[in-house]
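We just call them A, B, C and D in the order they show up, numbering each chain from 1.
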Amino acid sequence: MAPSHASFSSSIHQHLIERYRAVRDLTVRLCDPLSVEDMTVQVQPCASPTKWHLAHTTWFYETFILCEHENNFAPYSEGFCELFNSYYQGIGPQHPRAWRGVLTRPGLGEVMAYRDVVDDRITALLGSRLSERVLEHIRELLMLGLNHEQQHQELLLTDIKLLFNTNPLKPAYRDDLESADAAAPAPCDHGWRQFDGGIVEMGHAGEGFAYDNEGPRHRRFLEPFEIAQRPVSNAEYLAFVNDGGYRRHELWLYAGWTWVNEGHAHPIYWCKSAAGEWQEFTLGGMRPLDLSAPVSHVNFFEADAYARWAEARLPTEVEWEHAASTMPVRGNFVESGRLHPGTAANDDGDTGSFFGSAWEWTRSAHEPYPGYSPPAGAIGEYNGKFMCGSFVLRGGSCLTSESHIRLTYRNFFDPAAQWQCTGLRLARSLR
Amino acid sequence: MAPSHASFSSSIHQHLIERYRAVRDLTVRLCDPLSVEDMTVQVQPCASPTKWHLAHTTWFYETFILCEHENNFAPYSEGFCELFNSYYQGIGPQHPRAWRGVLTRPGLGEVMAYRDVVDDRITALLGSRLSERVLEHIRELLMLGLNHEQQHQELLLTDIKLLFNTNPLKPAYRDDLESADAAAPAPCDHGWRQFDGGIVEMGHAGEGFAYDNEGPRHRRFLEPFEIAQRPVSNAEYLAFVNDGGYRRHELWLYAGWTWVNEGHAHPIYWCKSAAGEWQEFTLGGMRPLDLSAPVSHVNFFEADAYARWAEARLPTEVEWEHAASTMPVRGNFVESGRLHPGTAANDDGDTGSFFGSAWEWTRSAHEPYPGYSPPAGAIGEYNGKFMCGSFVLRGGSCLTSESHIRLTYRNFFDPAAQWQCTGLRLARSLR
Amino acid sequence: MAPSHASFSSSIHQHLIERYRAVRDLTVRLCDPLSVEDMTVQVQPCASPTKWHLAHTTWFYETFILCEHENNFAPYSEGFCELFNSYYQGIGPQHPRAWRGVLTRPGLGEVMAYRDVVDDRITALLGSRLSERVLEHIRELLMLGLNHEQQHQELLLTDIKLLFNTNPLKPAYRDDLESADAAAPAPCDHGWRQFDGGIVEMGHAGEGFAYDNEGPRHRRFLEPFEIAQRPVSNAEYLAFVNDGGYRRHELWLYAGWTWVNEGHAHPIYWCKSAAGEWQEFTLGGMRPLDLSAPVSHVNFFEADAYARWAEARLPTEVEWEHAASTMPVRGNFVESGRLHPGTAANDDGDTGSFFGSAWEWTRSAHEPYPGYSPPAGAIGEYNGKFMCGSFVLRGGSCLTSESHIRLTYRNFFDPAAQWQCTGLRLARSLR
Amino acid sequence: MAPSHASFSSSIHQHLIERYRAVRDLTVRLCDPLSVEDMTVQVQPCASPTKWHLAHTTWFYETFILCEHENNFAPYSEGFCELFNSYYQGIGPQHPRAWRGVLTRPGLGEVMAYRDVVDDRITALLGSRLSERVLEHIRELLMLGLNHEQQHQELLLTDIKLLFNTNPLKPAYRDDLESADAAAPAPCDHGWRQFDGGIVEMGHAGEGFAYDNEGPRHRRFLEPFEIAQRPVSNAEYLAFVNDGGYRRHELWLYAGWTWVNEGHAHPIYWCKSAAGEWQEFTLGGMRPLDLSAPVSHVNFFEADAYARWAEARLPTEVEWEHAASTMPVRGNFVESGRLHPGTAANDDGDTGSFFGSAWEWTRSAHEPYPGYSPPAGAIGEYNGKFMCGSFVLRGGSCLTSESHIRLTYRNFFDPAAQWQCTGLRLARSLR
């Protein structure tokens, strides 16, 4: 006997509720090592307080799901509508981004209560009788909301890292993080892989969640190229630093050279100990620089300059996606608990992974794919309006959830951004 | 039988310990209504986090008393020396003022533990056997430290007020503050008092604590003048606002007009309700503007422009001190618990007080008195190096401790500063 | 009898000398309407003084041709090497860009003398006996230098326009410029042209001068699209303005909306007369807005927002080049003497030109073509290091020399740049 | 027989005309060494183009004299009213100060024609039949206008000096200026002069022109002090520099130390030659530092820090005026043609002059004297609205006209201002 529609639907409901709870729980668990103070402060306009992440991700479900689908919807708090709206002009005014840190009220307790109430209401909605059409619509919005929250989980960690690095006491987010494996073998050779080019397809299509900017799937023409099997390591980047990389104008883009001359001479989290040893600030505190690990927290300018120094270039995103398309989406993600790039076994070592450890800068500006149009309404502001001035990153990092990443994923940041866990992989044209 | 030296000294010791505990306790009590979040954030570079005030005032005793007079002194924490040094170059480097808000670590608990340990060590030192000369030196430094902490108590409140006003939720510091007395009579007439001028003396001399910038006592020549018996009221200032005071260039100093054109049209804490009624943000939250109370939170530019509009001028500090010299140092201080300027009975109503409610701007730049020289060492940085660019305020406010204020007290702030509880009194030349 | 090598070479020499003189003369003729004062001042960091353009273009020949190929080369003036170096780090230090306007010395006379001497030396070099290889090398550098000077001719005019518009007297560069033809017919319909897509070629190849960023010629895959036959007109852009285009956030990129909120409500050179009529500042002074002319001096943000309002989009540069590839390179260039976009006969009216009148913004970031590598040495800084943050413009303008433009030409500017003569053409995806 | 009223008045007229012509001529003569370019550019917001000085001084007579007293007055040019209004809100809007340099139109020729016409009209007015009352009023305004123009003559020279110093070519204003007398004896000892203090009078009274801020004359009480006979020399200031004066925080005011840390290590016009010799940029170009000359172009912070280093202090302005009151107003003024501070014979050498060579910073903020009130109308904006934030300077400089200076003259500048010809003299309290 075929399962009744009700029980089928119910199992979807149940699955959604479980997925929802898993993501929501992780956000809270990531706060465990933090004090109330840590969760309150905004260290720079680009970074947000942990408490704001906790509230904003909640606001997202309330605004885009409950508001439309809950009977007799009333907002949890009138004030929160504006306080926790990030940038959705279509929803209404926003508390200014640079002022998120002044919101000592609502307190953390109130924000957690907000989370609980919205969780209950979302769970109740998911458990209620819904038409198939409505359920599907809610499912889509929920998937978006959960992926959105996963992005904020990563931001929560990078924002805390930036905050702690600014504190002269250099506190650790966690004292129990695994150290680098001193016995780890030096990275293998780049292991260049050649590709002939021709017409290829790129972008998302079919079932499964993806952001709007990953589609539509479309054709591109690729000229022959080769790409490294593995990302650039700290040892290699250190050679660039030691070779005067930050003092040689010919290696830098014009805007990058301007940035260097604001006083940069190495990656943001590197610093030399009193004894002259290179150290790196990590979520586990200050540690000796792990030479065999992929370089991280370099911005686009640094990645681009390194590639030029290495007589190579950054891959375009179509090259990256084409080369990665046969690789498993496997690597050093947040689930590994390492919270730092490194040569973990699941980095696949010599066989080369394109995923995890550190996001990889591409040479491609964040532009719309042919035929792209954003969804209708405020949700259309998610990615579309940011298609100007930033560059695409691929592959996820040690702070990304494994369930969040995929081959076609397009992350994007300003070329000067350093506070994300970002590295690079080399490519070369073959003609 | 005359009291033995020991017991006499011991009573001094005891008195100092009691005074110390009283001031220290008040600081902590002022934090009672605050959450950990409230105590962490720095809203503007001019304001400091409550937690920083708690630590810095403690650092002051440790640095200027324990360091010199404690046997086998060791700092409580190496890191704190820099974190909680405000501006004493002679002591060592300072954590940048504008970055006090990033110090989520040390946490509040650690700062309170720091207070406890230093309190114990100070108390032990005061209870120990000391030569008269050393005791006197310690007593002087302790008086300075306690007055210093009292200044920070006032800053703690004005900084919190600024923070809360920046929050769209407009939280109250305390919900139980006394409201304005709606039945309060309108302020009396200005009650001009005439003075003939001639040679007068001003400045501190003799026993009793005073800051270095209050001395030496010296002679001045005063031309004839008159001065109002009471400060300018909100009702009067509102008439200035309604008369286009912020749109009439001829009323403002050049620098003041530049400031106005940055977008100011009324005192910082005034705002109009949706119904068009003037309200004022107070430590008790948003309240109807109390028309009979002294105007407060106006800066020097606003005070100067108002005086010009009223066909008068600000008094010089010598005029103010001369006029106030026969008045009792009595008024609406922090002990009243009102935490807002107002026509409390102890304002002396019509008889006119020069003290309490709101600091009064004078027309005098903060300059050294003839013969002034700062104390030797880092302590000499307390006031002397700030004798440039600010104007003198007199009389204390509703946020000042009564034991902190005196006739010769010279407070000083930048002419654009609005966040202190500052008002004005009118004066006129008589020739 | 075949022509001797000498006479053949001599005719090349002669041709180069004539070409050189023609370009050099035009620069000087463009200065005819200017006073010495006009030629001295730098109105914004993006713009340069006319006198600096006169000197820098001269410096270019001296630095890249004479320095290498002249016997016993000595610089005309040691000081000029730095003063007139724009951004060539490989040559040496540069006088800061924002400070070009303080150079009242050397005076205009000295700069003209510098031009004369370098002209004589270049002419002498071209007239001298040179090996074929050297001649070819010099010819290539000369072509680059002449194209470089043609770019500066256009900048000279846009910089002067910006300067004059900043002057409350709104002076005209020339009083005798042709006015808009009031009887001109309204622009034809957009005349959408469809393209099927597929593999196309783009970029420069073969003989004839082109900048390095135009190559190498390579293949692209195009999805089906359509593109308008003509650019957007002032009448159409005015409808966008009147429809609240600058107040509707949903039409703008995030960075564009930030820019709008700095206080922009219409194109930079538009202003309303006292009588409420739209006017436009032109090189002929303030004039009624010519509704039938192509809109100009809109930046990328404005062009992008307009296209969204019109339910279309900007073309990519590959779409633009593909669509324009069968069109003649003909239009309203600087030779027409109109110095303003307009429906001149040689705009080809309804048949649609892709060239002249106003540069057209594309949706494409200025990125390297596959296989691109800049030339060796300082000359490689010409374009390569600017491949970050700007967008590509195509087709030339009424201020461009006809001999300067071609199908594959890639101009590029910052998305906020308004002072160039820039408009747009609409495109749409066909799927 | 007594002279008729007519001829008496006529001689006043004649005297005024001569005085007017003399001042007007000097302004033009000061431009002789300048090119049109030099006269056009504004190097910093604090400095104005020479052409603007030429026009603004003319506008002053037109606005404050012709406008009121000429029959059928019509402005020379509607546009000039705003372009050349400096800061008189009571007259109308002003072209922004920082944008004076964009005014390439009107050209220099037009400005000179403006001067000629206004000169003719002023001369005609002075030559016309006027009532005694009107003549007196015009005379007062003319005196103000001429003194105003003399101030701008000094600014013209300091602004040009700043412009030329910014030019890497370091051009000289004049090549024929007298060099320092290498055989000049080192300055004498400070020659401290003691004063007993007591009641003294200060400020202007009686006949003769003075600015409003110099009055009213009034009494002050002075404590005993001593003051140096001569200003601080370059040799002495160099000792301060060599003693680490710019690296020792304890010597500086808080605001001064902030200023030092923006990157200052010596006076603005000092620079070390390649050979390590100290040089100074002068209106005669770069020259070896004249050790025996008074130090100049130090700001208030530098003057104050030097005095502290020398275990002295700056005099207050009442001390300065009292000490100088018996000295002749004689010294190295602009008439000497040296255009640089120095030990000229007319500096009175050892006998000590208080006038000429370099303005002397006092410790006194620019505050109103008791009983001060500005004149009615826009002319009241001349000094009164600037009584905030600046410090008083006394005694004139080598760029001041002798007929412009007097004992009671109060110049004032921002404490950070370096571009005026400013030095210092030491004082000490005697108690």
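In the analysis below, a contact is a pair of C-beta atoms (placed from the backbone, for glycine too) under 8 Å apart; a residue touches a chain by one contact, two chains touch by 3 or more.
These numbers were taken from a predicted model, which means no experiment stands behind them.
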Please identify each chain that touches subunit A as well as subunit B.
none
At the largest C-alpha centroid distance from subunit C we find chain B
Taking each chain's centre as the mean position of its Cα atoms, how many Å separate subunit C from subunit D?
48
Just give me the whole-number Å value for how far the CA centre of subunit B lies from that of subunit D.
39
From the mean C-alpha coordinate of subunit A to that of subunit D, what's the distance rounded to whole Å?
61
Which parts of subunit D, given as residue numbers and ranges, touch two or more other chains?
none
If every chain is a node and every touching pair an edge, decide which shape results: line, ring, star, complete or other.
ring
Chains touching one another, given as label pairs in label order:
A-B, A-C, B-D, C-D
For subunit C, which residues are in contact with subunit D within the complex?
35-38, 40-41, 43, 51, 79, 82-83, 95, 99, 101-108, 163-164, 166-169, 171
Residue numbers on subunit A that touch subunit C, as the complex places them:
87, 89-90, 199, 216, 218-223, 225, 249-250, 252-257, 300, 304, 313, 316, 363-365, 367-368, 370-371, 385-389, 415, 429, 431
